[in-house]
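The structures considered in this document are given below.
Presented sequentially are two complexes of subunit A, the first with subunit B as partner and the second with subunit C.
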Partner chain A sequence: MNTSLMKILTKNVNLLLGTIIIMFFIVMAIISVINIHLLTRYNPNQINFSEANLPPSILHIFGTDQEGRDVFSRVLAALPIDVSIPYIIVGASVLIGLIVGIISGYFGGILDEILMRFTDIFLAFPGILLALAISEILGSSHLAYRLYFSALALIIVNWPVYARLVRGQVLQIKSMTYITLAKVAGLGNYQIMKRHVLPHLIPILLVYSTLDMGTIILSYSILAFFGLGAPPPTPELGRMVYDGLSALPQNWWSSVFPALVITLMALGYSLAGDGLRDLLDLRS
Partner chain B sequence: MIFYRLILKRIIEAFLVILGELIIIFYLANIAAPNPATIWAGPEASPQQIQIVTQLYHLNQPWYVQLYYYLGNFFTGNWGISPLYQTPVISLIEEYLPVTLELAIIALILKVIIEIPLGVISALRPNGVLDNTIRITYTVTRSAPPFIVALLLLLGFAYYFHLLPSSYYMNPVLYLHEPKFYVLLFGHKYYIWLIDNMPILNSLLVGDFPALISSIKHIILPSLALMLFGFGGIVRLTRNTMIEVLNMDYIKTARVKGLKERLVVIRHALRNSLLPTITIISIIFSGLMQGSLVVETIFNYYGIGYLIAESLLNLDTPTLIASTVIVTIIVVVSNLIADISYAILDPRVRESL
Partner chain C sequence: MDKLLIIDDLWISYYKDGKKAYAIRGLNLEVNYNQIVGIVGESGSGKSTLGHAIVGLLPSNSRVEKGRILFEGTDLTKINRRDFYRFRGKNAIFMIFQDPMSSLNPTMKIYDQLREAVQGKRSSNEDFSLTRWFLGNIRKDIIIENKDIIEALKKVGFKNPKEILVKYPHQLSGGERQRIMIAMAYLLKPKLLIADEPTTALDVVTQAQVLKMLLELKDEYKTSIIFISHDITLVSQISDRILVMYGGILMEDGSSEEILKNPLNPYTKGLISSLPIYFKGEGRISPIPGFPPNIFNLPAGCPFHPRCSSNMSICKLQMPKIKKIGESHYVACHLYG
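And now, the complex of A and B:
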């Protein structure tokens, strides 16, 4: 098992690289939660004006921001939320999309018609904008919960993609002979869906959700950029980019490095997704 | 004739999309805020202002009644008053929206004229050196958030080499000219603000040469940043359909006939592989409208993205909701245009309507 896994990974460069990047960020996030001082000797929220705007050096790998905080330690402190939130968003979207898609595809008829019209409407929303509007309106009265409203907003605009995808797959699976056989054998709808439909959906959902993680990281970083992420004092990668804008052009490092970290995170998932698609041969 | 059904269906759908969006916003605002007037009147409103706003938007009624009045007002152009700018929202949007439209259209044109040829080049030698280089490039740009590209362009071209301006849509000394273009309807002059407020188009039509040069200089960096946001979607699609088409029998026939390779590629293959690309252009346009939020904030480019960002940061809800709805309408309309052009271009689709 282990050797075959190694074989797969060495043959599939995309998957290998992607997995390494993803694992790297997850490990860093976990270490940062346990004890951030294993990785840095600075306190991410320690304001120190005597060290403001220091360029990257051995002491401060990513430099310091206008308030003298170490950018590298702030990036580390931001990782736990920025790594985990996309999982929650994608997980919830997959779950909702799965339920709606299976019901719609499996039962068909008027139920399908209604659910799909509903899905189409959600699909046509300009995602980031609706998310911005929702989290602004919800968040303006509950600043501390903005993070959850942003996540909720992204789920609202993201689940229809999965509903469409799952429905299409279910329609294909439904026409297979073994489903008819299962029906003839007297299996109930729930059993058929659980045992014979769901397992066939897993590969394609895995590929899509991995690719989607990259997109969601970007969308979430845009929301965070506008201050709709975790409330201060928790550092937030997207917000660090925005805060760094006012220090341009002299202090470029406090906005460029967080932005590069976001890019690398998204790149990891997009590479892994491409790799998985090649591996599972889901080109279409 | 055959498009009527399609158009009607799409218009109904567009209306439902906008209605759905407003329902979500109003419903959530209703459950989130005990007193919605504090949201609508802005953070610095006095008790009197809150009272006026409550009257204005019928905020003492249930949320669906508020929504009903909002929709009614929306169609008559009464979009509320911005607490941040203290002006009617509609005049703000008239001022800011055309700027973004011009930016997004230029970015879209750049995208198409750069990405389609790249896709064709990749398809001619699949897995060759060029194809792999292009693929690596767009794998990276696809994962890049809009602000990293904008930041790097800003730092490089504006701050380091001082080649191009870093903010605003034209030199602040210059200005957009007075409304000039209007239509006469029932003895009324209706100014076409869409044209009047596009910086390049305005100065071009008025013949203000310095303003034209200045606004072109100012649009280069934002439009490049916007073009590079999500760069590669069209390359990838063109490449994949092109490879498929190039393997078809009629291409082989054309080659056997002795047609020049360039003619085969451009006239026979490219034409047929552009169809799927056209359908995603509207999706890409809606992505551009959303990417403009970040790009305009970074370049201080006074378009609707900038307006939305400002209203977001200053809790200016009426402006935010109206601009969200307007951008949604633009996105839905561009979807409609894509569907219609697809139907016109592809006889199979045309027949199935």
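And now, the complex of A and C:
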């Protein structure tokens, strides 16, 4: 393995811990997609009322829920969606925000004014409420695709933040002499944006989107909690927390373990984001 | 065409908080082929605005009110922003800047920046093409060889150019970066190079090197140079002709020797006598009293009259017109005619 990478990771505990947590969940999700029975012998959707509400034990590490389904196998089955959906949401938000932000910041003028007032409209709403409303309106008639409409809702809520971030950076970069020099050397706007503006945006976008992953995991879980995620019986962490609520506090395991997994995933991205920020030295 | 650049009665204005001010008022300037013209003036005299106006990079709150900038017969003030690239870069107009620290992109290696400066230029009358849009319009006819880049770096005094090529700007000193800029000029072979205070951030030894390289550039490629500076001795070392600007107008225009030996305008006299090597009196050096004017609050008449030692009553009322005094010596002052 690359020695300088090892040196960076051992010096930066946050980044190391965060990366380990993120990689752990990604690997678990991949294995669970390939063959879930490599990790558990239970079928995540097998209802078995004779084994309902069993506490955590060696047979059922996370216990069983009210319908006798093994919570551990359901958490594993939920991982593929809960790990990949935040990447799609953040990826799409960054892409849209990047395009709008660069165009707005670079060209300025009326175009900038229009685009920024447009982002203001989205930023004026409390994000999670707007996302709830959008996914309820769009998804109520397509229950099978509700998950994608919820993701779309979070993208709609999230991209203006990136557009703002990118625009601010572009305004700063635009005033540098090397941009003027590139113009004097006869370069076109597209080349200046691609070669002289974009590379400077990557560090801040990397840090911000990593930190944002944690928030998006929580936001998506909130939507799933309210039943706006994948249709049942597909397991989902947020929905599992909700399903276990009625059994609290006696049968705590069926909602606490999924909640812990959500927290741990969010923590992993937060730690990695903090570590990246220290590494890339953005604060100075 | 016997003149490379003709500036004819140029007026440039700035807008700020709804107020309008003139940075350049009625400037006339001619640059021949293979000539170095020095422009001297204090801050706010309009010398940098002039440089930016020629390459078409005036800030958005300023515009050319009147006049023409003829580059080889084409009026640059009539060219719209999208077509201006044809007059920049290779075989056209190039500009180097005061601050070598921010003139180079910190995320790109020197090799990429030099290569891009030459190849990145869009070719004219090309139709839109998606592949070209993605790949960024590499010009086939001006693909440069690596040996050209190495050659250019050798010309600006780098002993081991191959090591420089793979470095990032932060690994170079200020002087080295300014030499990279001049290497860029060597690669582009512009017809007109505008050097906007290229030596201000450098130490004296490096300044001399940079001047020497600019002279070599002129001798080798017949590049005309407009050298903008506030230092009249520096300008006189390199220029064939010196223009002195103050408050947006041309105060004096003449050959370097003439200006240094026989300055006529009181402002030029003041500039020269405030330099140690030209100071002839005893005691302390006498600087010009007062401060350069704010362009939003220019005095009426001659802009220099509040600070002028030979102030007359007409100076407050009338702007002096530029008059021919001798062979290639022009001055704008009420003392003369």
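As a convention for this text, the second predicted complex is superposed on the first by the 282 of 284 C-alpha atoms of A that agree within 3 Å, B and C clash if a C-alpha of one lies under 4 Å from a C-alpha of the other, contacts with A are read in each partner's own complex, and residues count from 1 in each chain.
Here is the rule we go by: contacts are C-beta pairs under 8 Å (C-beta built on N, C-alpha and C of every residue); 3 or more make two chains touch, one makes a residue touch a chain.
Being a predicted model, the structure only gives us computed values, none of them experimental.
Chemist: Once subunit A from each complex is brought into register, does subunit C clash with subunit B or fit beside it?
Modeler: fit
Chemist: State whether A:259 touches subunit B only (first), subunit C only (second), both chains, or neither.
Modeler: First partner only.
Chemist: One more residue to check, A:56. First (subunit B), second (subunit C), both or neither?
Modeler: After superposing on A, A:56 lies clear of both subunit B and subunit C.
Chemist: If you count the residues of subunit A that each partner touches, which comes out higher, subunit B or subunit C?
Modeler: For subunit A, the partner with the higher number of touched residues is B.
Chemist: Give one of first, second, both or neither to describe whether A:231 is in contact with subunit B, with subunit C, with both, or with none.
Modeler: Neither partner.
Chemist: Looking at the overlay, what does A:138 touch: subunit B (first), subunit C (second), both, or neither?
Modeler: After superposition on chain A, A:138 lies in contact with subunit B alone.
Chemist: For A:218, using the defined touch cut-off, is the partner it touches subunit B, subunit C, both, or neither? Pick first, second, both or neither.
Modeler: first
Chemist: Which of the two partners, first being subunit B and second being subunit C, lies in contact with A:186: first, second, both, or neither?
Modeler: second
Chemist: Considering only C-alpha atoms, give the closest distance between subunit B and subunit C in the superposition, rounded to the nearest Å.
Modeler: Minimum C-alpha separation, subunit B to subunit C, in the superposed model is 14 Å.
Chemist: Would you tell me the residues on subunit A in contact with subunit B in one complex that are also in contact with subunit C in the other?
Modeler: No residue sits in both footprints.
Chemist: Which stretch or stretches of subunit B touch subunit A in the complex?
Modeler: Residues of subunit B touching subunit A: 13-14, 16-17, 20-21, 24-25, 28-29, 32-34, 38-39, 43, 139-140, 142-148, 151-152, 154-155, 158-160, 286, 289-290, 293-294, 297-298, 308-309, 312-313, 315, 317, 320-321, 324, 327-328, 331-332, 335.
Chemist: Where on subunit A is subunit C touching in the complex?
Modeler: Within the complex, subunit A contacts subunit C at residues 108-109, 176-178, 180-188, 190-191, 194-196, 199-200.
Chemist: Given the complex with subunit A, which residues does subunit C contribute to the contact?
Modeler: Against subunit A, subunit C makes touches at 55, 57, 60, 85-86, 88-90, 92-97, 99, 102-105, 107-108, 116-118, 120-122, 133, 136-137, 181, 184, 188.
Chemist: Write out the stretch or stretches of subunit A touching subunit B in their complex.
Modeler: Those residues of subunit A that touch subunit B are 117, 120-122, 124-130, 132-134, 136-138, 140-142, 156, 214, 218, 221-222, 225-228, 238, 241-242, 245, 248-249, 252, 255-256, 259-260, 262-263, 266-267, 269-271, 274.
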